Amino acid sequence: MAVKSVRPIRLGMVGGGQGAFIGGVHRIAARLDGHFELVAGAYSSYPKRAHASAAELGIERDRSYESFAEMAKREADREDGIEAVSIVTPNHLHFPAAKAFLEAGIHVICDKPLTANLKDAQKLVKLVEKSGKLFVLTHNYTGYPMIRQAQEMVAKGKLGDIRLVNVEYLQDWLAEPIELTGQKQAEWRTDPARSGSGGCVGDIGTHAFNLALFVTGLEVDKMRAQLDTFVEGRKLDDNVQAGFKFKPKGNAPAAQGALWASQVAPGNENNLTLRVYGAKGAIEWAQENPNMLWFTPLGKPKQLLTRGGSGAGAAAANVTRIPAGHPEGYLEGFSTLYTETAAAIRQWNKSGSLGKKSQPPTVGHGLTGMKFIDSCVKSSQKGGAWLKVSL
Amino acid sequence: MAVKSVRPIRLGMVGGGQGAFIGGVHRIAARLDGHFELVAGAYSSYPKRAHASAAELGIERDRSYESFAEMAKREADREDGIEAVSIVTPNHLHFPAAKAFLEAGIHVICDKPLTANLKDAQKLVKLVEKSGKLFVLTHNYTGYPMIRQAQEMVAKGKLGDIRLVNVEYLQDWLAEPIELTGQKQAEWRTDPARSGSGGCVGDIGTHAFNLALFVTGLEVDKMRAQLDTFVEGRKLDDNVQAGFKFKPKGNAPAAQGALWASQVAPGNENNLTLRVYGAKGAIEWAQENPNMLWFTPLGKPKQLLTRGGSGAGAAAANVTRIPAGHPEGYLEGFSTLYTETAAAIRQWNKSGSLGKKSQPPTVGHGLTGMKFIDSCVKSSQKGGAWLKVSL
Amino acid sequence: MAVKSVRPIRLGMVGGGQGAFIGGVHRIAARLDGHFELVAGAYSSYPKRAHASAAELGIERDRSYESFAEMAKREADREDGIEAVSIVTPNHLHFPAAKAFLEAGIHVICDKPLTANLKDAQKLVKLVEKSGKLFVLTHNYTGYPMIRQAQEMVAKGKLGDIRLVNVEYLQDWLAEPIELTGQKQAEWRTDPARSGSGGCVGDIGTHAFNLALFVTGLEVDKMRAQLDTFVEGRKLDDNVQAGFKFKPKGNAPAAQGALWASQVAPGNENNLTLRVYGAKGAIEWAQENPNMLWFTPLGKPKQLLTRGGSGAGAAAANVTRIPAGHPEGYLEGFSTLYTETAAAIRQWNKSGSLGKKSQPPTVGHGLTGMKFIDSCVKSSQKGGAWLKVSL
Amino acid sequence: MAVKSVRPIRLGMVGGGQGAFIGGVHRIAARLDGHFELVAGAYSSYPKRAHASAAELGIERDRSYESFAEMAKREADREDGIEAVSIVTPNHLHFPAAKAFLEAGIHVICDKPLTANLKDAQKLVKLVEKSGKLFVLTHNYTGYPMIRQAQEMVAKGKLGDIRLVNVEYLQDWLAEPIELTGQKQAEWRTDPARSGSGGCVGDIGTHAFNLALFVTGLEVDKMRAQLDTFVEGRKLDDNVQAGFKFKPKGNAPAAQGALWASQVAPGNENNLTLRVYGAKGAIEWAQENPNMLWFTPLGKPKQLLTRGGSGAGAAAANVTRIPAGHPEGYLEGFSTLYTETAAAIRQWNKSGSLGKKSQPPTVGHGLTGMKFIDSCVKSSQKGGAWLKVSL
């Protein structure tokens, strides 16, 4: 994922202002590899919050908009206008916002689910076709290296004919009626007007479903489902069980699938798991430990494939940034030190001296480390003798 | 870790050109939260490679330097010169490079270990003091949220008096003499001229040692160590066992510690683990699954604390970017979609149409998702009946 | 589980001769706590094999029978006849054998499933009632201490109203048509004449179903199921997906359940798992690691309860033989030493000297251990100095 | 581990009366495979407790002895006297008891450590030699199938030359001074008069040490150790760190070893682990999950070998009683049903009817299971339709 010697792409954002969640994730994701620069936004439908958010993000005042419609129009007119937009609003705004930008000739990156209802989704497909523009739906779980690895292994026939597909996405944050307490994320997700006809099924069920199809490449022939609501008074489902019969491939029996998504399962944070069993082997993966993929060739011991490890192939390597054994969170840990350094430098710029709070490791820690190495060498040379030290 | 409404800090880099590893990690880390912009560099001691690397990174030609000395001088003279520099060279260059920038009045971020020998380290400490500048050593493992959580728990006395500290950092990539095959990373790490007197102990032992002190806040009173070399002909240690007696706190018996670092332990990629046992409780953590921290209050069941989960406190929350249950690699997965989107947009810019390779999920996937939701609702309404579908 | 000061109960067995599997398990289980002595048997329908098996088991020749009918009659007539019989034949013989012994006034212990068809099962229920004798069905998974713990926790309301029950029993040994190769266990299990109308559903699905009911105490109101056969030519199902709607308790929404049993899922040996999610908490258990039970009180960190550990209650303690941290297999490991000792003693009895094969640890190992302790003490007294030793 | 057609060996026991722990384990171990029958004992040095214990175990009154000396003499004189004795007393009695039985011509099975001090151990070695009798030391951890597997793999060179051996045995039950509260097990283990000069090192350190040697077949050349006592007032060590230099094999560098045993590490019950790293591969094993063995061939993915699974060889198979995927505790679960059945039968014998407490699964559960199978088949035949059922 090396940065190419090309200029970054100009990006705008709709939604994702102060108080939002997924907008910040999109911004980090866009920054991480350095391929985008964020230059415009309509961050909120409340003008005050929109502009305050823009200021915080370092967006010039004249590119902070109060509506996506205005933003689409004005940015399309600029020579240095945005080339792409990220739409990170509640579901019901995906369609009108996407429409506005596609019609303005701007590529669209959109959070899932696509729209609030099937009719809008079908319209949007036509709009995209007509526009000739890129439309990207952030089914982000497909970005994990070991998911690419899994997809590659299925495609190469390492599992033989697929027989069984099991995907689960379990959470517990809606086990109680927190939407009644003003929790914003819960509020719109349990409101049919803003979420559409699916609750849990739309919010996380679609992620699970997409993941299963992405990895297996199977197509659904028949399906059945049961939506349940366990929390009293809730208007949308908070649990879904679905079954699938996939289209047969060749002469093999048709594969069967099962999907379970729940937002009322205590002890589960974002427990997304995928298991695929074929005639010749199986893979098992869990998002909470995404750098690992279990592979069992039928009749042989189970193997643990790791991102960047000896069993991983080209598909995983293509989207891997760091060597094996470092979980991908390694980069965030590293980044935290940079961010604390930035805070220290700003403090230094302001006051000419360094505060004490959260200061990252410094030269003193380095000296301690050097004394440690030196003491190790000396003790070892003396046959492992105890040394009195001052580290 | 919200981005503040302030301009990014101007950053330069020494080392980290084409073919290097940790330089790219530093650049991602600097970009991730948006607090730095990279504007200058001396990326290699080979001029050609230095400039080619700079071009690839989008650095202006007149800020791509052929030596760190020149870079320090010229950047210090510019009004818009760099405010901080990242030093990511082999160990023996840390000292002269850091010296040059500190003397030029520029903050330094430096990879560990501090220097190639203890003498230089002591000099560097004085240089930093004299300079009044910030010096940050990237002991990056201290940036993990659950390590901050562990530190906080020890400090708050949740473990009681510390009795035993065990830290391990096991790898297997040097189990064979790959330095003889021209592998660059192995070559300089096993060369005393570039690494200093410690091999494994300097490369990863210092990380482990730093982590143990960071979490426990203990100070070493006595230590012993044994360095071994298992691969024939290797000039530096590839395995280290060390023991510690810590300074007593109050009347409690002095805590004891053990450290094991190895680069010849098959099946270990970056297996950094920390266990701390106190009179009232214990914590256990493993870097390969960094979002989890095990906590046992003596005589009670073991608890699994998760980043952002119900058992995590303020120290972890301060450095957390996403909710519980999403491993931190979630951001990288997300970022992969953005990077693939950038590639697609660039392809579109060039040819006016979209290629097929690695194309991220698009509107068609969104439509499939919407049909899935719709089918779920319909099937459920019919008591879970099987529906023939066309997803 | 202390042995009481009473004489063991006289036990007979039907089936379980040479070449069988579950008969040996029943015999070990009967011996382990010392409450039974095996004194009679009809070990096979082939007379030769029946008597050879009996001889091997140390059964007197006049209590080795060629049919269960004869055995029931003759044992009932003896003063010292068997008090209970274990029936461990293929499914279709459970009914006639049970009938014969119940009518002879002998308690029955029978392998599951009860009979080969529902009609026989209903008849058997009446026979048992009429007989006034004990009838035990070895749904052995209910014997695990942490399953008793789980049952107790549900009963005490630790999970609140149950909402979701998920039970899985996955195997892979029938992923290929091994019944065609003469594998006996596979042969009768895939033959409707000997297994009845259910294949996978009868063989392991019933275990999973029984476990879910045992732990939750719920009753099924409605159910649905889908049986599939993935291996070509197989006459019975090798995969089952079932759904349950349980009878409501009080005003809470009715609990839902899902069961998945498969014999074609590569990488699964006897992967029986149970998850129960309630309004106030959850439990999760896996048979392949049966000494652990995960418990999550809603909104608190996940806890790891262990057999005999601090979180385990009376129900688990009642059926626990050894302290926490020793997996139950500890007893088998111990037993292996005894068995190897018996072999050595018999060898000694025969030849007056000890062979070398598999000899258990002996006095030399003990001396080594004592030297180890002594050296540890001495080295420690010298500040941890290296000692040259001869262990 | 099939039972051979031979009579069981007559066994006696010294120690292990009411209130003891390990005696019961020995009795179960001796019973499990049916090779021994317990016929005599000196169960306690308190005559009353000795006879009461014997009665509970069904031992004839004239073979319940008040001292091991009397027992050795009298049993040696009987035609049907014991052939072997199990010594399960505190450490300081191992030597005199073993001496008495060896001199009486009776095989000895003895708990570890061998004796309370090195001198007695050396004497005992000579006594055993002179006696020509079998002496078995119950280092029971060597009885686990996957430990036999590990030993076999090392012997076959699957790991190449051994470089590093790490063994740990961590417990937490002595983290507080429970010996002061009258806890019997803690009392004698922390008393030098009854335990000898080693506390933790003797109690569990010897187990760990024995395991490392058993699996690797290495011999110690030099060793060092550090014993610490963390609980105030305790007279023996409760934590030990030891280092080993093994004798070189061929031209390879000498292997190094580390041992850590602790009884003050919160969150550890019987956490015995072994890791062996060689030039070509590695194995890792943990007693708390003993049916699994991790194997990494250098440069290939980690494999999970399971007892009875596809990667397990002859050494494991020799000591395996049940198929893969059933943890060894499966037998105990099964046995619990038999024991509950025995209780029910005794209740029936006494009162002619069955009590309700802990009654094992019965014919009603079987009928429910049959209805479940029947409903599954019916629902599946109707395309998975919901059925109203009465299970």
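Going in written order, the chains are labelled A, B, C and D, and every chain counts its residues from 1.
Criterion: a contact is a pair of C-beta atoms (placed from the backbone, for glycine too) under 8 Å apart; a residue touches a chain by one contact, two chains touch by 3 or more.
Because the structure is a prediction, the values reported are computed rather than measured.
In terms of C-beta pairs in contact, the better-connected of the chain pairs B-D and C-D is C-D.
With respect to chain D, maximal separation of chain centres occurs for A (centres as means of Cα atoms).
Put simply, the C-alpha centre of chain B and that of chain C have 48 angstrom between them.
For the pair chain C and chain D, the distance between C-alpha centroids works out to 21 Å.
Per-chain CA centroids place chain B at a distance of 44 Å from chain D. Each of residues 224, 226, 243, 268, 302, 306, 309, 384, 386 in chain D touches at least two other chains. Interface of chain C with chain B (complex): residues 224, 243, 295, 299-306, 309-311, 384.
Against chain D, the residues of chain B that register as touching in their complex are 163-164, 166, 172, 175-176, 226, 228-230, 232, 239, 241, 243, 253, 256, 258, 260, 262, 264-268, 275, 277-282, 284, 294, 296-298, 302, 383-384, 386.
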